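Read from first to last, the chains carry the letters A, B, C and D; within each, the first residue is number 1.
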Amino acid sequence: MTELNMLEAINETLHAEMARDDRVVVLGQDIAHNGGVFRATEGLLEKFGERRVVDMPLAEGAIAGASVGLAVAGLVPVAEIQFLGFAYQAMHQIAGQIARLRYRTQGRFDPAITIRAPFGGGVRTPELHSDSLEGQLANVPGLKIVVPATAADAKGLLASSIRDPDPVMFLEPLRGYRGIRDDVPDGEHLVPLGSARTARPGGDAVVIAWSHQVELACRASDRLAEEGLSVRVLDLRCLVPLDLAAIAEAVDACGRVVVTEESPRTGGFGGEVVATIVEESFWSLEAPVVRVSGFDVPYPVGMVEDRYLPDEDRIAAAVRHVLDMA
Amino acid sequence: MTELNMLEAINETLHAEMARDDRVVVLGQDIAHNGGVFRATEGLLEKFGERRVVDMPLAEGAIAGASVGLAVAGLVPVAEIQFLGFAYQAMHQIAGQIARLRYRTQGRFDPAITIRAPFGGGVRTPELHSDSLEGQLANVPGLKIVVPATAADAKGLLASSIRDPDPVMFLEPLRGYRGIRDDVPDGEHLVPLGSARTARPGGDAVVIAWSHQVELACRASDRLAEEGLSVRVLDLRCLVPLDLAAIAEAVDACGRVVVTEESPRTGGFGGEVVATIVEESFWSLEAPVVRVSGFDVPYPVGMVEDRYLPDEDRIAAAVRHVLDMA
Amino acid sequence: MARPTDEQRREMLVDMVTARVQSQRIFNLQRQGRVGTMAPVDGHEATIVGAAHALDTDHDWVLPQYREPIALRRYGPEMLEHVMLYNIGHPAGGHIPAPIRVLPYQISLATQIPHAVGLAWGLTLQDDPGVVLVFFGDGSSSEGDFYEAGNLAGVLGAPVIFLCVNNQWAISTPVHLQTAAESFAAKAAAFGFPGIQIDGNDVDAVYDAVQTARTRALAGKGPTLIEAVVYRLGPHTTADDPTRYVPAEDLEAARRSDPIKRLRTELETAGLWDDDVQAEVEEAALAALDAALEKARSTPLAPDAMLDHCYTTDTQRLARQRAGLLAEAGPGGSAR
Amino acid sequence: MARPTDEQRREMLVDMVTARVQSQRIFNLQRQGRVGTMAPVDGHEATIVGAAHALDTDHDWVLPQYREPIALRRYGPEMLEHVMLYNIGHPAGGHIPAPIRVLPYQISLATQIPHAVGLAWGLTLQDDPGVVLVFFGDGSSSEGDFYEAGNLAGVLGAPVIFLCVNNQWAISTPVHLQTAAESFAAKAAAFGFPGIQIDGNDVDAVYDAVQTARTRALAGKGPTLIEAVVYRLGPHTTADDPTRYVPAEDLEAARRSDPIKRLRTELETAGLWDDDVQAEVEEAALAALDAALEKARSTPLAPDAMLDHCYTTDTQRLARQRAGLLAEAGPGGSAR
C-alpha cells in the first residue's frame, strides 16, 4: 500500500498499463509534451515515446473518431477529453460510433477504447469545465460509465477499464485529483466494473453516491454518527453496469434512501437510481427516496458554485428528512 | 376543426407562424427546394422566399450554431435536424450554447430557437434515424422538450414553441407523421408548454407516455377496457417543463403506474418520471411503478425493430402486472 | 501515369455492370417491399470500381459511405452477401467477415472519415503495409468530421486516401449551396496535402489517381484528397423524388457521360467486350444477387439476436431484458 | 491601403498599453487569489486593438474567445466592468449591456464561429449595415465548428471577418502539431473566400486588413479570413507553466517583436508619445481597473442569482429549488 492522491494513482496506472500491453496508445490534447493539464499523463511520453503518446490537434471529435480507427486496427486507445463538458463536441463519435462499434459490426471489432475525462465542480473552472454529463452518457447503450471516488479505485477501475473490450467513459472528479488521498495497493490491482462498494456501514439510512459526492456523503455520515445515526454510504463506482444487487441489499437493509449527485436534477442519473430502487426494492422502502443534486440550471460561475454544489450539509439534511418521514 | 395528419398540422403551423411573425426564419437540410424529406416544410420557400427559408450545407453543428447568431440578431430561427440521432453532431451547440445563451449572457439575449426533429422507430429507417434522445436532452438545463402525440397538439405546441423565448427541442414521432390523424382546431391554436393531457380517463391504473407511445398506450387501454379494466393514459406532451401536478393527480387517483417510452431503459426519461412520482406521490403508490421501454442496446435494424419497440401488448402486460402486485 | 491493363479494364467493366444491374434489381425489390430503403449506385460505378481496383485488397482498407458496398465486388463475393443482409434489415448485415478489409455501411455522414485516419495511423503503428481509402459525398464534406479528420491526417502524415464522390447532389442540395470553394479538391489546402479533381466517370483516371495516392501514402508521404466528379443518375434513395429538384436537362446531359456506356464503348472498340459478354455478365450478376438474397433470407435470426454484440457480456439488466424477450418469443422462438 | 491616422495610432497605443497593464494586474490579483484563472493578453495587443479600431462600434459586432475582452476598450468603459465581473466569477460577468455589440467570453473553443456567421447572416436579413468580426486561436481552428462555419459563410456570402490569432501555441501544442497546412490563412481555400496572413504585431497591418475585409463584407462580397501571426508572450493561463514546453530562445526572440515596444518606438520617433504619456496611460489604466474591480466586488449578488436567466419563467421544479435555496440562505440572504 502507498498513500497516493487520485492523480498519482491514475498516472501510475497509465504507466503500468502501457508497460503491460504495447497495444495501448494514449492520445489527447496537451497529454504528451505537457504531461496533461493536470499532469495525469506525466512521464508517459518520455517512457513510451512519440508513437504511443500523442498530442492531438484541438478537436475532440477527431480524438474520439480516430480512436475508433485505432481500435479497428487492433490497438487499445486511451483518449483524454480535457474536460468532460467538451465531450459534447465528440458526442456523435462517442454515442453514435464508439458505443456501437461492436454492435454495428456484429461482433467483428471491439471498441476497446477508454475515454478519460475530468468533471465536476469545486475548483472554480470556467463554463462547461465542471458539467456532470454522466446521466446523459448512461443512456447510450454500449458505453460503460466508471466513476471512481477513491485513489485506490481510480487505479483498480482504470486498469479494468483499459483491459475491457467494451468502451468505457472513465470520469475523474476534478476536485479529487489532489483532494482525495488514500492507500493504494501496490502492483497489479483490478476492481471489476459493475461492483459497488460500501464506503460507510450503517443501517438507519443509506446514501447512494458516486465520484466526489461519496466523500461528502461520508462526511455527512460521520457527522450524523455524532447525532447517533448510523448512515450507510454506497459508492456505486460504475453507473453502467449498475450493481443492482448491492443497491437492493443496501435499500433492503436500510429502508430509507438518499441519492446524491452533482448534475442538475432533471434527467440526472439519480432518477435512474430511484427508478431502479422502485423496481428492485419497492416493498422495502419506508419513505420516499430523496434526491440531492445540483439545480436545474447550467453549472454556474466561481463566486456561487459553492452554493450550487450539493455538500455535506445538504446531504445530512436530506438524510434527516428521510428519517423524519412517517 | 379539420382532420389532419401530424405532418399536415406541422406544415400548416409553420406557414401560419411565418406569416404571423416575419422574424421567423426556417433553416435546415433539404427544407427549402425539396420541402423537407418528409414534406414538413413544403411550400414555405414559394410563400416566404429564399431569405427566410434556407437550405443549409450538410452540417448540423452549423445549423444549430448559426441559429444562435440569428437569435442574437433578434430573429426567431426554426431549425430542422433531419433526424434526431444527428443532433449528436450538434450537441456542443445545442447543449453547450443554445440551451444557455440567455444564461451565459445573463438575460441579454433570448435563445428563441426551435429545433424540430423527427425521431422514434417503426418505419424501418437506417441506424441513428430512430434513436430516442429525449432523456439525454432533458438533462440539459435551459432546453424545453416538447413531444406531441396528436396532430392537434403538434399544431398547438409547435406554435407555442416558436413563440417561446426559451429554446425548444420539438420532437416529432416519425411514425405519427402520416400514421396519426385527428381533428385539429382551425385558426390560432396554442397549447401551453408544460401541461399534460389525459388521453384516456380511468382509475384502476395509469400509463404515463409521450409521443407515439401515447397512441399505443391508448390502444392498450382500449383493449384492457374489454377486460373490464379502467386504465387512464396521461400524455405528458412536454418533458421539460414537466407537469408535476398532472402526474401527481393521476398517480394519486390510480395508485398503480406504468411508464412507457421507446428509449433504452437505462438513463431514459422514464427513470425521471418514476423518481418524480416517488417525490410527489410516494404514499399513493399501491405497487412499484413499472417501466416499459426499449432495450439497453442501440436501436436495431429493420427486421427486428418490431420486436424492439414497446407495443400495446407489452404495455397491456405491464398494466396487468402492476394490477396483480400485492 | 498508372494505366490499368486491358484485362484489368475488362474486370472493371464486369464489376461496374454487375453493380449497376444488382443495384437496379435491389431498387425493384424495394419497390416490391422486399428490402428496405436503398441508395442506387447509378453514375458512381467508375469511381468506386476504379478505386477498388487500384488497391491491394489484402492490405488496403475501404471505408464506404452507403452507396459503395454494392460495387466493392473486388473485395470478394462475401460483399454481396453483406449487402443483401443489410438490405433486408438483418442484424447480421453489419458483419463483414474477417479478413475482408472493408467496414460496413455508414449512415451517420462523415463519421467514417476520422475512423479512416485512426485506422491508417494504427496501420503505421503496427507496421502494416496498407493504406486506407475512405469514400464520402460532396454533402458529407460539409461536416466538421471531414475537416477535423483531414487536418489530423495532415499532421500525422497518415496513409489515407480521401475520396470525395462529388455527384452534384446531397439529397436535394446542389453543390453550389454546399460550398463556395472552387472545388472539393481545393479543400486539401486546409490540410497541407495534395488535392486533385478528376473525372469520376473515367475509370482510368480514377485508377491512376488512387494508385498515385496509394504509392505516395505507402512511401510515407502522407494523404491525398481526390475529388471524383460524377453525376447521381438516380434518385437519392428509393424514398426520394428527384424530379422535384433535379433539372431534367442536367440529368439528360449527365446520362450522356454514363461511366458504363463510356467504358463499354471503349472496350467494344478494342474488341474486349460485346453484347454476349454483356448479357453474360448481367445474367451472372442477377444470379449472384438472387443467391445472395436467398442466403440472406435464410440466415437464421434468433429472437434475441438484436441484443447481441452490445456488450461483451450482457449487463445484469440486459440479461434480464433478454430473458424477458425470449419468454415473449416462447419456445418456438419467433412469436413476434 | 487603409492607414490609421496619427491620432488613431496614438489611441491604439493607449488601448494596447492599457490592456497589457490591466491584464498583468489581473494576473497578479489571481496570484493573490482575488480573481479566478485568467488568460493574459501579452503579445496579442496589436491584433485585438488594431482590429477593434478598424470597426464601427455602432454597427459592427465582435465575438471574442477569452483573451480579447480586456483589449476591447474601444467598445466602451463597460467592457472593463464586464471583464472584472467575469474575472471575480460574478454571475453578472456574462452580461455586456446593450447596445454594446460584443458577446461575452467564450470558453467552449470555436463555438462562437458559427454564431458569428449566423449573426452576420441575421444582420443582412435585417438590412443592418454591420459586419461581424470573430476572434479565435490557432488551436481553435482545428475544431469542426471553424470549418463548418467558414464553409457556411462562404455559401451565404455573409459579412463576417474570421480573425485567427495564431500565437503559435494552443496551451502546449505548437502550430506544427496543430496543422500541416501552409498557414491558417490557406484554410480559406476550403471556403471559397480570401485568406490573408499578416503580421499581427503590426497594428497598421491589422487595421488595414480588417478595414479591407470590412469594406468587402459591406459591399456584399462576403467573408475574409485573416491570420494574424503573433506570439503568446505569457503562459496560456495562470494555471499553466510554459517553461515545460516553450523553448526559451523562441520566447526571447518573440519578445523582441513585442507589439507595444514596436508601436511605442514609432510614435516616440514621430513625437507622439513619451515617458510621461506612458506613465499617465499606465496610471489611468490601473485606476480604471481598481475602480472596475471595486465596482464588481460591490455588485449585489442575490443568494439565488445563479438560478436566474435559465428559463424566462422558472419551471415548477426550478421554482421549488429556488425556494429551497432561499430558505437555506435565510432572511439575511447569504448563509453560505
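By our rule, a residue touches a chain if its C-beta (ideal position, glycine included) is under 8 Å from a C-beta of that chain, and two chains touch if they have at least 3 such contacts.
Quantities reported herein were computed from a predicted structural model and do not represent experimental measurements.
> If we define chain centres by averaging CA atoms, which chain lands farthest from subunit D? Would you check?
Using the mean of the C-alpha atoms as each chain's centre, the farthest one from subunit D is C.
> Name whichever of B-D, B-C or A-D reuses the A-C interface, so over half of the contact pairs are the same residue numbers.
Duplicate interface of A-C: B-D.
> If you average the Cα atoms of subunit A and of subunit D to get two centres, how far apart are those centres in Å?
The mean C-alpha positions of subunit A and subunit D differ by 35 Å.
> Could you work out how far the Cα centre of subunit A sits from that of subunit B, in whole Å?
30
> Centre to centre, by mean C-alpha position, how many angstrom separate subunit B and subunit D?
Taking the mean C-alpha position of each chain, the two centres sit 39 Å apart.
> Residue numbers in subunit B touching 2 or more other chains?
Residue numbers touching two or more other chains: 57, 59, 61-62, 85-86, 88-89, 92, 96, 100, 103-104, 127-128, 141-142, 240, 242, 266, 295-298.
> Taking each residue of subunit D in turn, which ones touch at least two of the other chains?
Residues 91, 93-94, 108, 142-145, 148, 151, 155, 177-179, 310, 315, 317 of subunit D each touch two or more of the other chains.
> Under the stated contact criterion, what part of subunit B meets subunit C in this complex?
29-30, 33-35, 37, 55, 57-62, 85-86, 88-89, 124-129, 265-266, 295-298, 300-308
> Under the stated contact criterion, what part of subunit A meets subunit B in this complex?
85-86, 88-89, 91-92, 95-96, 99-100, 103-104, 127-128, 133, 135-142, 240, 242, 263-264, 266-272, 274-276, 278-279, 282-283, 285, 287-291, 295-298, 326
> Flag every residue of subunit C that touches subunit A in the complex, lowest number first.
91-98, 103-104, 108, 111, 113-123, 125-126, 128, 132, 144-145, 148-149, 151-152, 155, 308-312, 315-317
> Show which residues of subunit A lie in contact with subunit C when the two form their complex.
25, 51-52, 56-57, 59, 61-62, 64-75, 77, 92-93, 96-97, 100, 102-108, 110, 141-142, 144, 164-166, 194, 240-242, 244-245
> Under the stated contact criterion, what part of subunit C meets subunit B in this complex?
So the residues of subunit C in touch with subunit B come to 36-37, 66, 86, 88-91, 93-94, 105, 107-109, 139-145, 170-173, 177-179, 239-240, 244-245, 301, 303, 305-307, 310, 315, 317-318, 321, 325, 329, 336.
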